[in-house]
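Residue numbering begins at 1 within each chain, and the chains themselves are lettered A, B, C and D in the order written.
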């Protein structure tokens, strides 16, 4: 189901989201409780092992999380997150982060984000807990 | 106990750590299993709520984690991390991240990182699991 | 796809799993990387708030995790777990825990477990990291 | 600093805590935001590998967490927890769980719990997020 509201919320967030823009993150798909974003790993994102810095992978997942948990139009912020890393990302890799709501209560929600590379191999799994600023 | 080796490992890592340099992160103290880093929140680090992006706070904590878990001179990478956010960080805030080893086995270690602001209020708590590339 | 091996591994584990038996846990479905278990909340499982103790919910999820990550016939143990609680479980509630593999590498795997009650409301979400005792 | 209130709250909780009593958990020390509990591993707590079930270790840590986050006299429940396992516990091992508050806000708190065995080796590290039922 296409969600025009989810897309509209995402466009408004993106317009003022300097970080997402600076990282070259693109929004590919939006729906209620869902966000799909892409980012290409650049040489500036590499650490001393010549693999993408965990902070950059976290930022991609965290951004997908933010767009998904704000997709219903009620402002929400991250209360906490966890991430597990499985496979390094290299310069030139095109990463896709898909965020899905797993549970959304009146005030608290949990969202799962999966980052895969261009070969559909899992790079990282992220779980975020969101807290709505006002309860519905 | 002062650890010259921990400092030397940290200096070598920092020299090739573009991310830490780009974020303006400074190393304040190093010891075996310990790292203390600072970062000042700049306007470019803000999200749409005008507070420091979670990805930037994660990157500061993750960097302190990396320096602490590599302080013994055996290369280690992050296997997974969790972070809890308590208080927003604002533009101009000077943040200090202190990393301490909680457990270091032959191959796996757990490190706790606390981020405080210039008023010593806790901004975030981070826990990282490290995996040594070769077992000792 | 029905997996006879997954069922056979589960039956062998259950025969020597005093805890699962003591909690009244039943195995409902098994497949490669999948396990579905049920448990009914008894008065002995209640804490002072008259709701099911978190440790009992954890044990149910952890058991589903163990059966799923051992379903392929390679012995694996839990390296770490996280659980988020959403809704209390009360005496008489019939809980169902469904475990799915999210990622299984040569040595490390991540499994997601969802506990729902008899009204299909989410009680808790659990994520477990498994470590195989011998790499394949 | 001795805290008579923390002890009194703990005694009242313990009187109606069937689970803690059934596990043979003893309270060794209490203070504001602190709880120290012990438990001896019995044969009934073993899994098929003849090591203490993760659910039992979780229950010990979770109980220490509950006593610490309720020590100030304001009812609080667990919102979520994570646990990392380092070393198996065997039958006869005497485990000590020490819970310390890491952050306590108006409504949300984070507590760290360490489980060690009789040789002072770390068995598991647990981190719990508590949610107060009424904000102060």
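For the reader, a short list of remarks on this structure follows.
The rule we apply is simple: contacts are C-beta pairs under 8 Å (C-beta built on N, C-alpha and C of every residue); 3 or more make two chains touch, one makes a residue touch a chain.
If you're wondering where the values come from, they're calculated on a predicted model, not measured in any experiment.
The chain pair B-C and the chain pair B-D differ in C-beta contact count, and the higher one is B-D.
Relative to chain D, the most remote chain by averaged C-alpha coordinates is A.
Separation between the centroids of chain B and chain C, computed from CA atoms only, is 34 Å. Measuring from the averaged C-alpha position of chain A to that of chain B gives a distance of 22 Å.
Remark: chain B and chain D have CA centroids separated by 28 Å (rounded to whole angstrom). Contact with two or more other chains is made by residues 79-80, 82, 84, 108, 129 of chain A. Considering their complex, residues 13, 16-19, 22, 44-49, 53-56, 58-59, 62-63, 66, 77-85 of chain C touch chain D.
Residues of chain B touching chain C in their complex: 79-80, 82, 108, 129. Residues 82, 84, 86, 102-103, 105, 108, 110, 112, 114, 122, 125, 127, 129 of chain D are the ones that touch chain B when the two sit in their complex.
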